[in-house]
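Below is one structure, written out as structure tokens, with a few remarks after it.
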Amino acid sequence: MYGWRAKVGVILPSLNVTMEPELYRMAPEGVTFHFTRTFLAKGTKEGLESMQQDVEPCTKMLMTAEVDLILFGCTSGSLVGGLGFDTKIINQIEDISKIKAITTSTAVVEVLKAFNFGKITIGTPYIDEVNQLEKKFLEDSGFGVIDIVGLDYTTGAQLHKEDAETVYNFVRRLKLDGADCIFLSCTDFHSLDAIRYLERDIGLPVVTSNTASMWSVLNHLKIGADMGQYGKIFSKQ
Amino acid sequence: MYGWRAKVGVILPSLNVTMEPELYRMAPEGVTFHFTRTFLAKGTKEGLESMQQDVEPCTKMLMTAEVDLILFGCTSGSLVGGLGFDTKIINQIEDISKIKAITTSTAVVEVLKAFNFGKITIGTPYIDEVNQLEKKFLEDSGFGVIDIVGLDYTTGAQLHKEDAETVYNFVRRLKLDGADCIFLSCTDFHSLDAIRYLERDIGLPVVTSNTASMWSVLNHLKIGADMGQYGKIFSKQ
Amino acid sequence: MYGWRAKVGVILPSLNVTMEPELYRMAPEGVTFHFTRTFLAKGTKEGLESMQQDVEPCTKMLMTAEVDLILFGCTSGSLVGGLGFDTKIINQIEDISKIKAITTSTAVVEVLKAFNFGKITIGTPYIDEVNQLEKKFLEDSGFGVIDIVGLDYTTGAQLHKEDAETVYNFVRRLKLDGADCIFLSCTDFHSLDAIRYLERDIGLPVVTSNTASMWSVLNHLKIGADMGQYGKIFSKQ
Amino acid sequence: MYGWRAKVGVILPSLNVTMEPELYRMAPEGVTFHFTRTFLAKGTKEGLESMQQDVEPCTKMLMTAEVDLILFGCTSGSLVGGLGFDTKIINQIEDISKIKAITTSTAVVEVLKAFNFGKITIGTPYIDEVNQLEKKFLEDSGFGVIDIVGLDYTTGAQLHKEDAETVYNFVRRLKLDGADCIFLSCTDFHSLDAIRYLERDIGLPVVTSNTASMWSVLNHLKIGADMGQYGKIFSKQ
Amino acid sequence: MYGWRAKVGVILPSLNVTMEPELYRMAPEGVTFHFTRTFLAKGTKEGLESMQQDVEPCTKMLMTAEVDLILFGCTSGSLVGGLGFDTKIINQIEDISKIKAITTSTAVVEVLKAFNFGKITIGTPYIDEVNQLEKKFLEDSGFGVIDIVGLDYTTGAQLHKEDAETVYNFVRRLKLDGADCIFLSCTDFHSLDAIRYLERDIGLPVVTSNTASMWSVLNHLKIGADMGQYGKIFSKQ
Amino acid sequence: MYGWRAKVGVILPSLNVTMEPELYRMAPEGVTFHFTRTFLAKGTKEGLESMQQDVEPCTKMLMTAEVDLILFGCTSGSLVGGLGFDTKIINQIEDISKIKAITTSTAVVEVLKAFNFGKITIGTPYIDEVNQLEKKFLEDSGFGVIDIVGLDYTTGAQLHKEDAETVYNFVRRLKLDGADCIFLSCTDFHSLDAIRYLERDIGLPVVTSNTASMWSVLNHLKIGADMGQYGKIFSKQ
Amino acid sequence: MYGWRAKVGVILPSLNVTMEPELYRMAPEGVTFHFTRTFLAKGTKEGLESMQQDVEPCTKMLMTAEVDLILFGCTSGSLVGGLGFDTKIINQIEDISKIKAITTSTAVVEVLKAFNFGKITIGTPYIDEVNQLEKKFLEDSGFGVIDIVGLDYTTGAQLHKEDAETVYNFVRRLKLDGADCIFLSCTDFHSLDAIRYLERDIGLPVVTSNTASMWSVLNHLKIGADMGQYGKIFSKQ
Amino acid sequence: MYGWRAKVGVILPSLNVTMEPELYRMAPEGVTFHFTRTFLAKGTKEGLESMQQDVEPCTKMLMTAEVDLILFGCTSGSLVGGLGFDTKIINQIEDISKIKAITTSTAVVEVLKAFNFGKITIGTPYIDEVNQLEKKFLEDSGFGVIDIVGLDYTTGAQLHKEDAETVYNFVRRLKLDGADCIFLSCTDFHSLDAIRYLERDIGLPVVTSNTASMWSVLNHLKIGADMGQYGKIFSKQ
């Protein structure tokens, strides 16, 4: 049996091609991830909102796989409706399935609180409209946003063409003074390989949407793992 | 970018929890897999047939991820309608998406032909009704079936609780005289770890639904890889 | 000479097929184990009591091998007669052989005392009748038993078919609040590979019949070893 | 489950402290060995003959462990009665247990025949009386004995104090001209570590009682393994 | 002393930031590279021609370093003047320094001839004007050019931003039928990491300006090295 | 892209054949070095002074490579004009290029100050005339010079023929009482491999011209790296 | 050059075959040992005294090798004349050669003092006559001898046939209560491999004649090394 | 016991500091070397001849160490008297000790004959007088000498200061046309590390005095070893 410690169901936007390989790279022994998709053709406010329609059928799919937890794996898609929007998605999944659920936005908030990261600088691949939604969501959740800069991408082709080298240089140009940590938003943003260089050179912890999701998943399932190579939040765990 | 050599879309039955970890274990550098599910609650003829309904929406999901090939990742689900059934699924996917498609059944037939395995012994987790459909499909495709034995499972819980040790002993009890190879059917059957022990102790090549799928995917995409640990079909490639 | 640091004689129940590979996996360099069997066809109270008859011939066998210590390697078989039953077996072996002897039950008590584990939760493969004997033996020895749950097995085939994955999930369902450690009873219970995952995920030390036996053997022979991978009791040694 | 490829029962002389660690060093993955003892206090003709009395109870012990094959693990003890003596022991075990049985002497003959080693030089730890029995047994089995030399030992203490270095030098003094291979007799003779140096320096294959036993066990169970480090008979397999 | 097997002087275009790290990654033990620059601000025909002016001072610089060979490390810059242009540069360097000289263009021709690669497909980062010069130079040197495609770059920033992933996909789109090998031109083109994936997936040998330069340098200095990871031309050496 | 964390331009004396391999051995991932030369035929005061003439053209070369920092990589050449001479070179480079610049002498002073090494013993390959210039420069910069000894070399052939073994023994003969550290001057002096033996055997930190240059480069660019094998200054960083 | 950190001359008894391999196993990088022999046919008081005659020619031999230090490598041979005898040998060597000299006895005393080992238990291969000389020498040097036991050997054949296993068991039978350390005397006694097992199982530091010699050699030459595997005296260094 | 496969006595010139570390680097497991010295202060004809006086006492020393073979470890010292001189030394040693003896010159001749190296080029550290003696000895032994060049050294300090890098470059300048192999003479010449680079770059087998000595020692003792890293003569063995 593969997922003998835990099986995790993931609902992810259909255009995302980064979250699956990143979750499998980080997966502790005996933990497996099982995916199904909600339709998303473009990363606009409108597109993100429409993803809600697929939550019910996706949940029913994952119930047959008898997963131990369901992750709604999209950052902007779980905050596009403002504060409380993530809880609505969680309730919907839990009501249908009776299985514990989280969203990536919820995971990010959990991590920031667990480590007392009150002030954050944010790098995203988003357009400004989405950045403003994210800024408001995090401020309403009680965090100070020092800086938020996006790459102005909407299509999948734009989103996932990036690599660690571009992300590294993009982040080094952000405003960092006064920040407690750097948050790199978007589960379709290839930022995992930039973390250790950024943490070493800048000296601040770096959290990404995928590492926050993984941290929260393991925390809820009470599973321990040595994952310090994916950022300081895992060595403090 | 993760899938820089190729991105492979996979449509898999909703209860399957084995194919995702096995494809990611075998994945060559620069090749990624992206999943979406068709509803399947039980591995009966009826259930398998009903999976057809989700092929269209699944295909549209994977189109947004701009994958290079779509694999319908279910053995019995792609042969339940008899000879030609797999081609029908392939045509449907290709018509909608203009992306090359294969099914696991097609992949199995391709592998058996490529290596001239004319006579095969088959181990499955299936109930007899499904075994008979598979036997007929392969005989109609021109192969001799020496023996076919199933574990009589239908639910996900039964299917994926197995491990290499059980599979090893199950296979050693099959009728093998005259067989050119052993085929272990079902993409939700944890047989990958048993391959090298079976090949060493029995002396016959062992093909599973997941290794056949991987072989065919790489063959169509013209991607080479050193994967001899997953069976003789990869060292002959 | 193989056992140049020490040669350890082991009397084990005839149906046991787990203790030999586990002791050889854990054996420090220069320490060897030498086995002989007492007849046991079923793990019932009656069967366990009857094992006593073979202690004398077994001891005489091991005397010719000039071992440095004799371990009576059965948990339930060394406590089936209640408090003091293990001492009776030890005295019998020592009287015949003039060689230091211990039993697995004695070893468990020694470990629990050495680490001040006053309250314990117990997982076993036993039937309830045997669980109750074990609970009483440990309570009479001064320990509090938070929970004891068995898998209700009696035959060898049932006992040794388990693996780390099943044991892990079985243990995660036990009542753990207030426990100082988890004790997994039975030298024929394949629990060694579950220890490090359980300790990491639950946070409590995990002791098994075989690790307790090994700890006590090394302690009496004054032999040190780096065996932290087999549980916290070895890293504290 | 430990012995998932095969469980092997072994009946060994009570004074033997070499066969257990050597079988566990060589054991392929998924193959376990389970031991019980026949009484032997001294390696004399008389002592060896008396071991027969324990074959029946030993067999019954191993039946409860549900082993796949039983090995009577003593060279001189399985040939002390001359040609056919080993077959008598095998028949006795098989009649009681309905489990396939072999003896070390049978294994040696099987190996010598399989590799066409018609003429052999033999090194033993035995007294001359036992050497003569072995010489006659092998000659009656159709082999030419170029030379046979013993170390004149009878007690356990003498037998197992040796190490690879002494064995190496002892063997280099034997008469080797015309021999097809060197056979080092006795399952309690620590000769395993000398094999590769002897094979490299002398250029002849070296077979020991324990490597012959292992070869025959794996051959009967149809289990393959990479064990070339234990002698040329394993690289030719 | 670092360059005890050989010290190699390299004259490279001032904007090039790829050749130095690639030569140092490939450098065999005891071989060092020493660099000096000719002015080049843009990869146009005009710019390339102007590099000639710095050959004399560059050569005099490298003479003081007592190098064993001087490489003019620019492909287009050593063929911009047509057939024989590379020889003119070589003569100039050798006349001044009395040290053996080669150019990258010369090296490419040497490699293609040594391996009998008569027909080649070429990928470059160049603008079409430069591609046509390269095509003519190679055709005049006796080779057939199946296809030549450029990325239309002139500035340094464009040239060296590429990575193995982009190069891999760029090359897979070239016309390859009938080609004996693929040649990736430009010493400032980060193509080294794409070689083994391209050779494995396409099945043709891949030569780059930097691997050709290295091959020729080692060949002239009669230095052997195991460098198969950098392409088939090194495993055939 | 190779130099994705940073690209460093280096202006080095034309006869130097040590700095290039030493910088590439130490280079952290994603940091590349790009070289161009100033003419120097002999390590005399006169020769060193004349190197100034090439600073302007060298700077213009490196500007086209779009480097992030320019290092004037010569110790004596950046102090030959006395206190302030290094600043003059820095200003000249920065005025032309608008790129941050340092010299090796500046780097040495930065390191000595950062670690509070007030009193130093110096080993050089120089002639006495150059040693006296260096002594004065460092004293004028506020350091006490316990001892300074040179090997009396001027030509490139003399300078770079040395290896770690000679350097080790040369240093062990210096006056060390009262020194806070040992400084091995000259970027063409093969001293890198002697550092860890000298630090271990003598107990004082050892700084070389090349390690000081690297330390300062990384410090200005805010790049972290694990380089403890190259001396204590890197483990304290 | 091999001995670039230091070359050590060793005068050893002609029958000794242990010191050369043990010094070369322990030798730090860049430290070499060079041997010459004094005649000794038997380890008796008489034999040991006669070794003095060869000190002068041996010293002259080693002078031509330009060693940095001369070690008289025999324990009993450097104390057979009582307190001050070792100093006499040292003076003789130093007077002839002007090279720093030590003896093994001197080294033992240096180590015991450096680590404040006031009370020691001694194991030797010697006859009682030699043991009494050693006991008196160490008591006169200010140490308390808890126990001294010898194996009663005089010939080379007896001395060097031992191995770590025998030494381990011999030492475990010594009287250890109240001892600060265990000293295993004789440079021809194969005790090096027993050190780490004895230190781990008994808990006391173990010093041998060869580790004491090495410790003193490195200490006088001021050479550091990581040699913790050869005993606690090296990890405290 | 260290030298359990064989103990080799070595008589070496007193100034030699290379042969001991080189023999210990190459020594196969279980083979030890034991040294004693003959007086040699300078590598002149006179000095070499005088070494004969110490052969008798050296032999008697090594007899007490019970070595299995005695090597007179000096090339020029065993041929200084012309053809047959080496045999005289061998006879002298064998007559005294009854132990098999060889000299380095004999070993060189044995190797050249075994591999049919009829024509050789020779590099030495010797003065011309000694080179001429060597040339004549080898010609009289039936070999053609293509070239012989010396470094003109006589003192120990000159001889052993060399390293692989110098030796490599010295050899590349020798006349090699028509040679079957390169022979690097002198057991005090640090040439071992140059062998594999020379063999790779030049393509001819390289034999040194120390590898020839080792080859002959192992050949006479019938000991096999994997030593291909020390030259082609060991991979052909």
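Couple of notes before you dig in:
Letters A, B, C, D, E, F, G and H mark the chains in the order given here, with residues in each chain numbered from 1 onward.
Note that a contact is a pair of C-beta atoms (placed from the backbone, for glycine too) under 8 Å apart; a residue touches a chain by one contact, two chains touch by 3 or more.
Predicted model, so just to flag it, every value in this text is computed and none were measured.
Common neighbours of chain A and chain G, listed by label, are C, F.
Between E-F and the choices D-H, A-F or C-D, the pair with more than half the same contact pairs by residue number is C-D. Counting the residue numbers used at the interface between chain D and chain H, under half appear in both copies, so the two copies meet with largely different residues. Chain F and chain H have Cα centroids lying 44 Å from one another. If you average the Cα atoms of chain A and of chain B, the two centres end up 32 Å apart. Between the CA-based centres of chain A and chain D the separation comes to 62 Å, rounded to the whole angstrom. Multi-chain contact residues of chain C, defined as those touching 2 or more other chains: 1, 163, 165.
Of all possible chain pairs, those that touch are A-B, A-C, A-E, A-F, B-C, B-D, B-E, C-D, C-G, D-G, D-H, E-F, E-H, F-G, F-H, G-H. Those residues of chain G that touch chain F in the complex are listed here as 1, 4-5, 29-30, 222-225.
The touching residues of chain B, counted against chain A in their complex, run 1-3, 7, 14-18, 20-22, 24, 32-37, 39-41, 57, 60-62, 64-67, 156-157, 160-163, 190. For chain B in complex with chain D, the residues that touch the partner chain are 165, 168-169, 197, 200-202.
For chain H in complex with chain F, the residues that touch the partner chain are 163, 165.
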